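Okay, so subunit A shows up in both of these, paired with subunit B first and subunit C after.
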Partner chain A sequence: MASPACFSSFSVPVKEKKLMEVKLGELPGWILMRDFTPKGIAGAFQRGYYRYYNKYINVKKGGVAGISMVLAAYVLFNYCRSYKELKHERLRKYH
Partner chain B sequence: SDGAPGPGHWDADAAAGGLVDLAVPGGAFSGRRAPCLKNPVLGPGVLQAIRIFHTRQPSLAPIPCVPEYGGKVCLGLIPKEFFQFLYPKTGVRGPYVLGTGLILYSLSKEIYVITAETFSAISTIGLLIYVVKKYGASIGEFADKLSEQKIAQLEEVKQASIQQIQDAIDTEKSQQALVQKRHYLFDVQRNNIAMALELTYRERLHRVYREVKNRLDYHISVQNMMRRKEQEHMINWVEKHVVQSISAQQEKETIAKCIAGLKLLAKKAPSQPVL
Partner chain C sequence: MNENLFASFAAPSMMGLPIVVLIVMFPSILFPTPSRLINNRLISIQQWLIQLTSKQMLAIHNQKGRTWALMLMSLILFIGSTNLLGLLPHSFTPTTQLSMNLGMAIPLWAGTVITGFRYKTKASLAHFLPQGTPLPLIPMLVIIETISLFIQPMALAVRLTANITAGHLLIHLIGGATLALINISATTAFITFIILILLTILEFAVALIQAYVFTLLVSLYLHDNT
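Take a look at the complex of A and B:
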């Protein structure tokens, strides 16, 4: 979203359509409209972080879901990175 | 959007993308020239107030408070939104079937390779799940208690502050009420002053009386003294002249007459006994 990234727990004002509302044909145009400057990308990361933070961690009665999702994503990420070496430990050659 | 408004002039048009980020430190000047005098002719001494602040609409919405519970998550890993997303097409069991299918697919095609680490992973995850299931609630309660203490502290501060201000208001009101009762004080003072005036008046009156009487007494005593003196003087003068008028010859005749008279008396007297 092209909205400013200075808020952390305020609702972010939307000026363009969200990804879910974009039709499939409009997707390339929508992607090109995005802000790809370093500031824009940093803003996107910041927004994403605060979205996750405010939804799962910054609550009164949080649960294990907040960190477990992060750890699971980390596990998956590392597995994908080391898949190349793991390929050699397969039990069968042909699947 | 950089060049048109000029340096130091915040852009009011929020829709011109790449908006200046006021909250990020250092973000106020990113993309613009370094701060400089707007009009160098005037020099640095003159106050050059050309910045216009608060041009964006103020956000009037109340700050949303911290939500009670986090987003719902199934199996501790997958947010419920995913289940909602698949519900119209596949019903309730769709995501579970999808999960099972994916696992079997990755196992059969050996996208997930079973190694020695698999067993350590299984035991670790099993242990974690056991611990979470067994002690999760108590840890949650402990954390809740901590946060409740913090909130109670803050609430206390807030209440104390409110109480203080309330006390100040009450004091102010009572003092204002006192102002209405000032007239008693003034009445008492007025009475006192009237009494003092009366007292002084009477005192002076008495003094006047005394002084006048004093003077009158003086005149009276003067008169009395004069009269007495005149009397005495007159008596003395009369006596003196009478004595002076008795000549020597008259004195002899008077004395001879007295002696004759006495002799006469002496003749009459011997008939009476001497007492």
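Take a look at the complex of A and C:
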């Protein structure tokens, strides 16, 4: 099952490699071969969610850090979203 | 400054995409589904809180009223979490939009009224006339009771909108005042103290949810169980 962009690696086709194992020259080919269908994107979100959940929240002695990181990311997202209006409130002489 | 003050209440859209949908769906991530008998700490805390609240809330209902348990609990969780998340800096609170609150209030109120009319028609109609009114006053009182019935969903929606919006607006204003007064030091400490108190009081936005669901609850109670 050799994929068309099977580069100079051993015997693993590029498609199935994880991101950290893809060599830099193979990166465009790797990105183009990812699954961009809606089902694939939903799968990616689900995998990412469970990765975070199982690492920080679904543990025996979870702390406040797990959910605080989520809230901090939420604050950051909203800040980036409203940066355009917040730009005008900087302490500068000329805006 | 006027436009600036209300800019944070505009529906957020990034590059023309309405991400208000994402923001409304965000609190659901914070309530994971319990999958075992003994879960992790987050789920255990949430389960304990939900048990506490539901026991308190469903105590006055009879069998028929308790079928609304899921609806009421999800309502209080949604409004509670949305209001609390709105207290974080720069966040958008969906419950400041009257459209959304009307969308919650009107169907739920209509559901209680229709349930009352279907299962206890005479008792529901009897609500329009309090006991012991003098005979000449009856027509006027029926009109007044009808109006007070129809104003219930409006009051529910507007109450929630106005409270949350007013709280956010005050925080903006007083925060701005504090920043402006920093160069004129003496009053700064005092103003900052007011901000602190105001924020704490605003955290009783949770109490507002209590008020919302409780009001809804009372309405359901009256219409269903007499």
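Convention: the second predicted complex is superposed on the first by the 77 of 95 C-alpha atoms of A that agree within 3 Å, B and C clash if a C-alpha of one lies under 4 Å from a C-alpha of the other, contacts with A are read in each partner's own complex, and residues count from 1 in each chain.
The criterion applied here is as follows: a contact is a pair of C-beta atoms (placed from the backbone, for glycine too) under 8 Å apart; a residue touches a chain by one contact, two chains touch by 3 or more.
Just so it is clear, the structure is predicted and the values come from calculations on it, not from any experiment.
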Touching partner for A:Tyr53 - first (subunit B), second (subunit C), both, neither: second
First, second, both or neither for A:Asn78, with subunit B first and subunit C second: second
Contacts of A:Met69 with subunit B and subunit C, given as first, second, both or neither: first
Greater subunit A contact set [subunit C / subunit B]: B
Touched partner set for A:His95, first subunit B, second subunit C, both or neither: first
Partner chain(s) touched by A:Lys61 [first = subunit B, second = subunit C, both, neither]: both
Touched partner set for A:Lys87, first subunit B, second subunit C, both or neither: first
Doubly contacted subunit A residues - partners subunit C and subunit B: 57-62, 66, 79, 86, 89
Contact footprint of subunit C on subunit A as seen in their complex: 49, 53, 57-62, 66-67, 70-71, 74-75, 78-79, 81-82, 85-86, 88-89
Subunit B residues within the subunit A interface of the complex: 15, 17-19, 21-24, 30, 59, 61, 63-64, 66-71, 73, 76-77, 79, 108-110, 112-115, 132, 136, 140, 144, 147
Subunit C residues within the subunit A interface of the complex: 4, 7-8, 12, 14, 19, 26, 29-30, 32, 40-42, 85, 88-92
Interface residues, subunit A side, partner subunit B - complex: 2, 4-6, 9-11, 15, 35, 37, 39, 55-66, 68-69, 72, 79, 86-87, 89-92, 95
